[in-house]
Amino acid sequence: MTGGSLLEVPLLEVRGLTKRFGGLVAVKNIGFAIEAGEILGLIGPNGSGKSTVMKLIMGIIRPNAGSVRLAGEDVSGWPSHRIARRGVGIVFQHSRPLHRQTVLENIKLALLPDSLIRLFADPEVDGRARAIAERVGLDRVVDRRPATLPFADLRRLELAKAIARDPRVVLVDEPFAGLTSAEVETFSDLIRGFRAEGRAVLLVDHNVKSVAALVDRVLAMYLGERIAEGSAEAVMRDETVRRVYLGGSIETASRPETAFADAVPLLQVEALSVLYGKAQALDHVSIHVHEGEFVSVVGLNGAGKTTLFNAISGLVPYSGGIRWGGARLDGITPAAIARGGIVHCPESRELFGDMTVRENLDLGGQHQTKIERAERLQWLFDLFPILQSRQSQTAGTLSGGEQQMLAIARALMMKPRLLILDEPTLGLAPVILEQLSKALERLRRTTPITVLLGEQNVTFALPHADRVYVLEHSRIVWEGDPGRFAKEAGAGYL
Amino acid sequence: MVGLPSSSRKSRSLEPAIVRAMLGLQILIDGFAISALYALGATGFTLIFGVSGVLNLSHGAIMVAAAVAAWALAGNPLFGTYLGALLGVGVGVVVAFATYFIVVRPIQRSRAIAEVEKEIFILTGTLLWGIMIQEAIAYLYTSNPKTVRPLVDGVIGIAGVRTPINELVTAAICWSVIGLLWLLVNRTRAGKVLLAASINPRGVTLLGFELSSVYLLVWAIYGVLAGIAGVLLAMFLGVSSDGIGPLTASAFSIVVLGGLGSVSGSLAAAYVVGYIETITAYMISPAYRTIPVLLLLVLVVYLRPQGLLGRR
Amino acid sequence: MIALRAITRSRLVWISLLIVAIAATLPLYVSAYILGLLTLAYYFGVFAMAWDLLFGFAGEVNFGPTFLIGLGAYTAGILNSRYGLSIPVCVVAGAAAAVAGGVLLALPALRLRGPYFGLITLVAVLLLQNMIVIFASVTGGEIGMTVTDVLSIDETENYEYALLFMALSGAILFGLSRSPIGLILQASGQDPIEAAALGFNVAKHKLAAFCVSALFSGLAGALLIFYLGTASVGTVVDISVGVQVIIAAVLGGRRTILGGAIGAVFLIVAGEVLRPLGELSTFVVSAVALAVILFFPAGLLGMLMRGREMR
């Protein structure tokens, strides 16, 4: 490689990258280039394939087609550790430091050569590790063990390990997840430092807004494909991006809160906080749902929607209060909560893949009498006709949309008083969304059901909602009528 | 692994072709009975793994505990063979529950043990528990081999091959129990929940079923299966506390060969193992009977770690 | 020489040295019988420490430590009894055979996870056991074989050999675990993906861990039979021997290396103290081990060290 060509060849160049998992195309013909001293933002909602792209570059998984070039050298198909040695560093979102070693030792680990005969580290390693610790702001805790550190410091440690490798290309997964705004500032400065040093940086995140101040360019993905590329402003203005995140024009049909007669709301969540290890997943969240009401909680992935629903269903420990019909829910098992009428249809669907559609539905109806069950089944087949024709097919062989319908139908078999729907649109094609949307609309018009819907797709969440909460970084930041959403909260959502 | 039935059935001076045909038939019959027993023993083992992710290394000890209880009780004129056998199965259930409550559940619920390490803790814990049962049996009843009087005495000839009726009864009981288990899992409500829990435990919770009750049910079923398998083994080939390790090992091999958690895989693998062992024992030498299976196991684990019929 | 300084600063190291020094004086005032027991315990201690390097650091659950031990023991034994080679040559050959076995085990370990690898290690032991029985003319089969030479006929000398061997092995294994290699190994065991992303060839490091573990298992196995004068399936190959090794390591404290030696001495001493119970002694030892696993999962040394780590 000659010095002249180095200037022309981008540091990282990805071409025609494609990855299939079974029948699912997770990444489809993605290509981009990052120059030295440039930051590219790779954004997309959950399931868009952005994390897969990162793993493909790092060599953690192998691509089906396409190439990854580092300063002109094709590294696609190489094992991870060789790609790392060629100068690619990664900052994982979830850190797993060595718990029995100090912070300094953890940084030193990243400075070690890949050698079997170095029984003693070079003397300068200690000095370099300390310098890196100081750069990321860990200098005062170098002798502590990771278990005693606050969350932000654990993220700093991950950053320190990446710096220690002195990579030419840095991949950062969700750089700001779980951080306070002050911490976001320091982390942004650290990442700008990478750019100033002439490294190529790839930031992977859910939305443009969180990385807009940092990136030189943005590439937006949806369902494995590139949908837009350009400056942060241009991507935020892009029609396709807006449609993916916000949807088109939305007609709402909300009923005022006063229309619901119950004096005490059916579900009251008061000052709910959840910690995952050291990360604050929910911070004093309060919401309520009236009997018969349709409430949507919108927020990006990672905002805390799933955690909120898991807490209500008793699946994660929390502080604060959750009341159901006035009675506290803490100490009650998840199964008892479900039998009590709060039925949760999770993002992951949790179907019984090897059992038939009918068996899945029957299991949902096991708490009912035989006659009730038969009536319920008939009604559901009416709501989702496709399920009737698929009755004897195993759930695992259904398409994504059909699986989602089955998950909702199975939840409805339990005769819920409150149906919690978490991210039902995840990874589904627009035409399926329309079918689901129609079914929800019918549900709302023809039954007195109470629904709590969590969505990142605003187009899907707003039309049926009576009331909307916006969840951002573990907190409720807006509450109101869906008609006011676009004006008051929509801008901050992209 | 277990030895062959000791009754010698060599034909005297017949034509070589006929001798070969009869040997083939004998392998067919013996292999069938042994395999049925293996299948029953392995089914419980795989069920527990499928539903609760537990690899229970005290499996052989539970089987032998049931068998020795049946042996001790059947010898008492108060109980006799049939009641003794039944109570032996009961002891199997009791020991299975003890395994769950004393060893498995405390580890599953422990906060001092990291999630990723629970598997090795359950393996080590159940192994130690199995040794305790083994030592207790040896202390109370010595480690001498024990044979329980078969449910049915007598011998019949099948196309010239003299076969103890007990061998046929054993195979029949094994398959009846496996059939009942199939009915339970596929035709009853509780069974459906159990099946669902083996596919997706979280989904079961979300539908309002308590996983803790599902686990109790599966350990009860496991106790019955291991108990029956143990008692039948004692009637067919005899058991001893020294045979506990090989029993666990053979159940483990069958289950891995068939695919962890796959009941149909275990049934198929039980027959593969049963027949390979029988053929090796008759055609080569009883001393080599376990070796081909071990080699097959290594090969399968290398080439197809999910087992013959396992799903990934 | 930071690592060296860290080691000399560690209180654990000084305490261990003190204990070894005291142990060296034992022949002055304890009976030959007790020395014999401790000699056995020291060899077991090396088995357990070698196992802990694989489990505690590389994250590989090896249910068949006796595959490596047995390879070392029988290779050395056969070379000595059939070909009359000298003890040092036999021990080196035994260790080499164990390392070859370690490489053989490492190959599936790098592909398989969890119970599958554990099963392979169990199968390896069963196969070895079968081979020994089949080739009884060479190995003595189930009865076992007698080696021509022994290390020494003097209990004190045997004791000092074993102590020296354990102390050296412990020092090397412990030093390795605290060295850069130990750090990389721990990172590979904990999260292979992250370790690879930091540029470490996980396969290479794990393979090395298997070789080192096998080397010490094989050495200890070979030396053990030259102490006992015999090699048999029941003493160096049987699965129950492997179980004892694992129990010793877990009891002493996983990921501590030195805990393995403590666990081994504890197990053998406990077995002796409980001897009056007769056949029930194994029962009680297993029950105690189970109780430790259930109530003190960090093990004996792990518990002692935990307080210190929270500084």
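We just call them A, B and C in the order they show up, numbering each chain from 1.
Just so it is clear, a residue touches a chain if its C-beta (ideal position, glycine included) is under 8 Å from a C-beta of that chain, and two chains touch if they have at least 3 such contacts.
Remember, predicted model here, so these are calculated numbers, not experimental data.
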### Summary
Larger contact count among A-B and B-C belongs to B-C
### Summary
Farthest CA centroid from chain B: chain A
### Interchain centroid distance [CA atoms averaged], chain A/chain B, Å
45
#### Entry: Centre-to-centre distance between chain C and chain B (centres being mean Cα positions), rounded to whole Å
32
### Summary
Multi-chain touching residues of chain C, meaning two or more other chains, are none
### Message
Residues touching two or more other chains, restricted to chain B: which are they?
### Response
none
### Sites on chain A touched by chain B in the complex
313, 315, 333-336, 338-339, 343-346, 348, 350-355, 359, 362-364, 366-367, 410-411, 414
### Query
Where on chain A is chain C touching in the complex?
58-60, 79-81, 84-85, 89-90, 92, 96, 98, 100-101, 105, 108-110, 112, 114-116, 118-121, 123, 125-126, 145, 148, 161, 165
### Query
Where on chain C is chain B touching in the complex?
55, 61, 63, 108, 111-112, 114-116, 118-120, 122-123, 126-127, 130, 133-134, 239-240, 243, 246-247, 250, 279-280, 282-283, 286-287, 289-290, 293-294, 297-298
### Query
What part of chain B is in contact with chain C in the complex they form?
55, 103, 106-107, 110, 112-113, 117, 119-121, 123-125, 127-129, 131-132, 135-136, 138-139, 245, 249, 252-253, 256, 260, 287-288, 290-291, 294-295, 297-298, 301-302, 305
### Summary
Touching chain A in the complex, chain B uses residues 189, 192-193, 195-196, 199-200, 202-211, 311
